[in-house]
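These are the structures, in structure tokens.
Note that chain A is present in both complexes that follow, paired respectively with chain B and with chain C.
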Partner chain A sequence: MSLSRTMLFAAAASFVMLGAANAEEGPVRIGVMSDMSGLYADLSGPGSVEAAQMAIEDFGGELFGHPIEVVQADHQNRADLASTVAREWFDDDGVDAIFDVPNSSAALAVQELAREREKFFFISGAATSRLSGDSCSPTGVHWMYDTYSLANGTGRALVAEGADTWFFLTADYAFGHSLEEDTGAVVEGAGGEVMGAVRHPLDTQDFSSYLLQAQASGAEIIGLANAGTDTTNSIRQAAEFGIVEAGQRLAGLLLFITDVHALGLDTAQDLVLTTGFYWDRDDQTRDFAARFEERMGMRPTMIHAGVYSSALHFFKALEEAGTKEADAVMQQVRDIPVDLFGEEAMVREDGRMVHDMYLVRVKSPDESEGDWDYYEILRTIPGDEAFRPMEEGDCPHLTN
Partner chain B sequence: MAERDMNISDVSGGSALLQGVERGYVIFGIVAILVLLVAPFVIYPVFVMKVMCFALFALAFNLLLGYGGLLSFGHAAYYGSAAYITAHTVKEWGLTPELGLILGALTGAFLGLVFGWLAIRQAGIYFAMVTLAFAQMIYFFALQAPFTGGEDGIQAVPRGELFGVISLRPDLTLYYFILVIFLFGFYVVFRTVHSPFGQVLKAIRENEQRAISLGYRTDHYKLATFVLSATLSGLAGAATVFVFQLASLTYVHWQTSGEVVLMSLLGGMGTLLGPIVGAILVVTLQTYLAPFGAWITIILGAIFVVCVLTFREGIVGVVQKYLKKPL
Partner chain C sequence: MLFDLLGVPPQALFAQLLLGLINGSFYALLSLGLALIFGMLNIINFAHGALYMMGAFVAWMMLHYLGIPFWPALILSPIIVAAFGMVLERTMLARLYHLDHLYGLLLTFGLALLIEGLFRQLYGVSGRVYPTPDILRGGQNLGFMFLPNYRAFVVVAALVVCFGVWYFIERTRIGSYLRAGTENPELLQAFGVNVPRMITLTYGLGVALAAFTGVLAAPIYQVHPLMGFHIIIIVFAVVVVGGLGSMLGAIVTGLMLGVVEGFTRLFYPEASATVIFIIMAIVLLLRPQGLFGRR
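Here is the complex of A and B:
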């Protein structure tokens, strides 16, 4: 008697549980892969994991009746390691989606795997516009920014402002060349003039001869088609040379708020750049930034904001689709409008998330009212203008 | 000594393949191969493949350092160039894996011949610096050459069909393909070390002047070893391409050169199994400590310091001393 009652109870309990959860779907697990200790650790790294955690909490912590889990890994900027970890996550650990992944080669490697395994990939960290171009994937979403939108935003907006003569300081490798080429085309297309370019090797310490050439060119804008320490070194040395004081302006083509923080406003002031997110834009971004700072001790970069908002959007899409099946979820990812801290945005067929970008100027120390009060928003660049039109990307799955 | 002679005579009737090998080693070898055969069913195959690729690379490097006494600090050049050539030829020209692999190994051989010919004129730290300089040239070449894709690397390399017939797409098939490459590489190193050539090499390592006075052209021996080492490094690099389906700048970066030094030293340079143990250790730490972020570099560093301070012969070196048998 008592045995059958227990069984009845157990059966009833399992029915209740089945009702609450989707019968087929196991727990949702996301992986945040980043550079946790190297050069991208500040602008992405542990902050991205925290951002994903915040997204899970804000969503309510559960999906399909199970708690949402997050795992993390340090790819150490090695594409082969990124590939090993991603394979194991997808094949053995039941990870449904990977987030962030700064470093283009690592992100491209994960993109290929995610495509093959029909798993989701939300890229906030990597810059290369190939991720929504010739290497686009039906399950990959390039979220916050890309090289095209940064170059395009800065180039077009500055020419529109009347700064129409440019000179490029370019890192001498594929990334630098393509940044110079893209921006140069935008500048000329907008009626500006590229007066020349000088190329420096990767990891240059001494920029003096390059900066002198840039100065001698007489161009109004010196475009920095480089990244990382090359950018910060060139900005620092340009400040020492008094280039900005002499009337020329520097335009950073790939620069994060953490770089500005590291440089200090004295050095970085008046620098013009494009960003996908600035924490001090409105109440909603300020609120997110304050919560983030409580946990991480710093204001979020656009990558952190990207991981947070993309994770939240992914959860909404999963909930709406009611399944983890790739096509159904991606349909929802594209159909549901993206809520980017109150700003409405959308995900295109090629996986590009299109939203407004901001052209900003770095404040002078006098204008800044405290830590992380660094940017003055000069112009909001509408999404359609900022990002590469879909037809120009040559995304393979659109044509087939 | 007498005991050893006896052991050798034990197996004198064995096959030519294992001529002069003690029975204990043969048994160990068979067990090891059996373990490798079932490993993919227990451990994640991609991980074991990665270990085998790096182990082969470390074996090749150790041939030069441990037996030739030449510390090259630029072995990533051969490993990485081969990876790029294999990735490019397989992806863009549609070559079959075995052809890509051979081209990769030949790339290593060619570069080894050119760089080695120039580098062996120097010894000690100068030799290390010259090889590092060449490796940096290769790095900047890979960074700028259009076909390497700069920092994006060459991605989505198809695993293809072996001999145009056997698909290497399933991890398991690929695993056995890589296993064969690894065993082949190991066998080449094994034979080299135990050949008269290897004996001369060790003599040169111990006392080059004396080897010269005995009438050996030591430069020829060194160059031959250098080329062989570069070729096998190239083979390892080419094999890696099929595992990860990519070739990236990391492969030609000096850190990779440093890692292979670390593997050899940790495992035990001048031993056959040392580089393999070292590769297992380093790759395992790299992969399984990935969730702990910055700790990897710290732990690897700490292990290295402990190793250098307490057992300079490396792990296998210590075991070898204890067993009183060369491993």
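Here is the complex of A and C:
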């Protein structure tokens, strides 16, 4: 009797406290930062803002009694600008969480700032595995994919097929370096050999010089450690210079469905790639893709799907925590199972969201039944195998 | 012996030389148009890159919506874009001739942003594929490299057009009117030449060159709204190095810097995006009028 009364009291007290916390919290404001008009604008960009908007609507539009607000900014692929915007958002504009941020250099800058300010950062756009490794943050969550899982998926699959000499064509910034390093490690770990690499500036038009160097290396596989139009231009020009006909194979280490769309199936067919999301996987993904296409006129990339699902997860965690206080919210972010379009996933201590990845092959024009019917799923890579084990990442806040 | 010193096989050097010439021919064509417009109109045409992009897009639209193939598009697209350019010149640029250079630069810069923004809005940034014309598919094995037929065609077409334009301006009667128009328009007008119309046509010619280059570029690069934005800065550097307003300078410098860029990609690829600007800085320090400029 007395016990239950105490419990009732405690429950009432915590309810009052929760209510008080709720009333004190201002409106939840999220910021989507991306490359809104440059080479990554189609695979992330305005589509990511729309995806965040969809997440807000699907959540019900409100938290703590206020409408959820979304702001957006263009970082123009500049780390300095990304950092300036993030500072303004956190310090002056009351932004609680930043989403997306393609371009690893920009994301690394935002990660530092979010850590300092104890604000949340849900990364869907940037790839470097350092974001859950030596640059991890207690408030940073790396959501959809990373260079390790790409390397592991595509690299391992190709070496297993017997392609064991590699040459890299690498975008000369944090992302390209990470992808080259991670893939090189996978290749060498599986008994292959890395014969060299050439680094090109971000956003290059003409790849012929680099391609000829890759050709001269004699490697069986030319690994493209770049993204966006850099990758599509490399693939097109490799075809032009007869590199594939002469017997070398290309491995697009980071290819988005928008890239395949831009290349056309004639050029892209039979490329093998790793992705964290494919719209045509099941009814739930198809439903999301159809709603997205209605708004954006295109099917979502894995980044768009990532922004949507990470925003929903963040709102759930806030609601459960009943506060914006960083530790409490992050506890919920890790405790609540992630609902990734019906697939259950989880967020690790180091900020890595672990879920299944897909090894896919690009269909030939004959196999494809229409626009955006591009992938055949070769293999589902279980999350534990796809992502780097936590203890190998050297994430500082875990060891300290 | 020399090759051993450089640590690179001669094949690689020849290949980069050839690739440099190919890229250089794009620079040459574009900087020729810029030099022509600057020389005759005194306008620094910042919209040149956007018009180059339009040339590629108009060709793509012709193929995509109307089924018009590459060869007619190579002629038609420059004509259409030139007409568009001449409307711009008549309605806007013509009002600025008596003002400082800066106004023309600002106006054309604004136009470039508008045009590029419009295409970006309509087509996104991933770009569109323009197939290589059938007759130029495949390539030749030169021993030291595989040369795609289309790229060989680009060099030849660029050289022919560059020489043609240079000959037209420097060696024909109409060309002499054009040159006279820049020296003393009032006097030329007094001789009964319609100078404003001549200026409009000159701008049209410069724009047509940009659009022609755009069509040439379409099968090599993705046709995409930012393609002009990428190249225009380099082309400005080419014009500065060559000497403002010097047509021969624009052609030779364009080819030369293409080759320098190619070698940089071989020896120190990280610097390939900056090497042209380093050269520009050095030329501005030592010879401010440019390599071929007269002062």
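Definition applied: the second predicted complex is superposed on the first by the 298 of 400 C-alpha atoms of A that agree within 3 Å, B and C clash if a C-alpha of one lies under 4 Å from a C-alpha of the other, contacts with A are read in each partner's own complex, and residues count from 1 in each chain.
Keep in mind that, in the parts below, a contact is a pair of C-beta atoms (placed from the backbone, for glycine too) under 8 Å apart; a residue touches a chain by one contact, two chains touch by 3 or more.
Nothing here was measured: the structure is a model prediction, and the numbers come from that model.
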Which superposed partner A:201 touches (first chain B, second chain C, both, neither): both
Partner chain(s) touched by A:241 [first = chain B, second = chain C, both, neither]: second
Contacts of A:232 with chain B and chain C, given as first, second, both or neither: second
Touching partner for A:172 - first (chain B), second (chain C), both, neither: both
Which of chain B and chain C A:129 touches, first, second, both or neither: neither
Partner chain(s) touched by A:42 [first = chain B, second = chain C, both, neither]: second
Partner chain(s) touched by A:309 [first = chain B, second = chain C, both, neither]: neither
First, second, both or neither for A:104, with chain B first and chain C second: first
Which of chain B and chain C A:74 touches, first, second, both or neither: first
Overlap of the chain B and chain C footprints on chain A, listed as residue numbers: 37, 41, 45, 172, 201
Chain A contact footprint on chain C (complex, rising order): 9, 11-12, 15-16, 19, 22-23, 120, 124-129, 132, 138-139, 145-146, 148, 150-151, 220-222, 224, 226-227, 230-231, 262, 265-266, 269-270, 272-273
Chain B - residues contacting chain A, complex: 44, 46-47, 50, 140, 143-144, 146, 149-153, 155-156, 240, 243-246, 248-251, 286-287, 289-294, 296-297
Chain C contact footprint on chain A (complex, rising order): 37-39, 41-43, 45, 172, 198-201, 203-206, 208-210, 212-213, 216, 228-229, 232-233, 236-237, 240-242, 246, 258-259, 261-264, 267, 298
Residues of chain A defined as touching chain B within the complex: 36-37, 41, 45-46, 71-81, 83-85, 87-88, 91-92, 103-105, 108-109, 111-112, 128, 130, 135, 172-175, 201-202
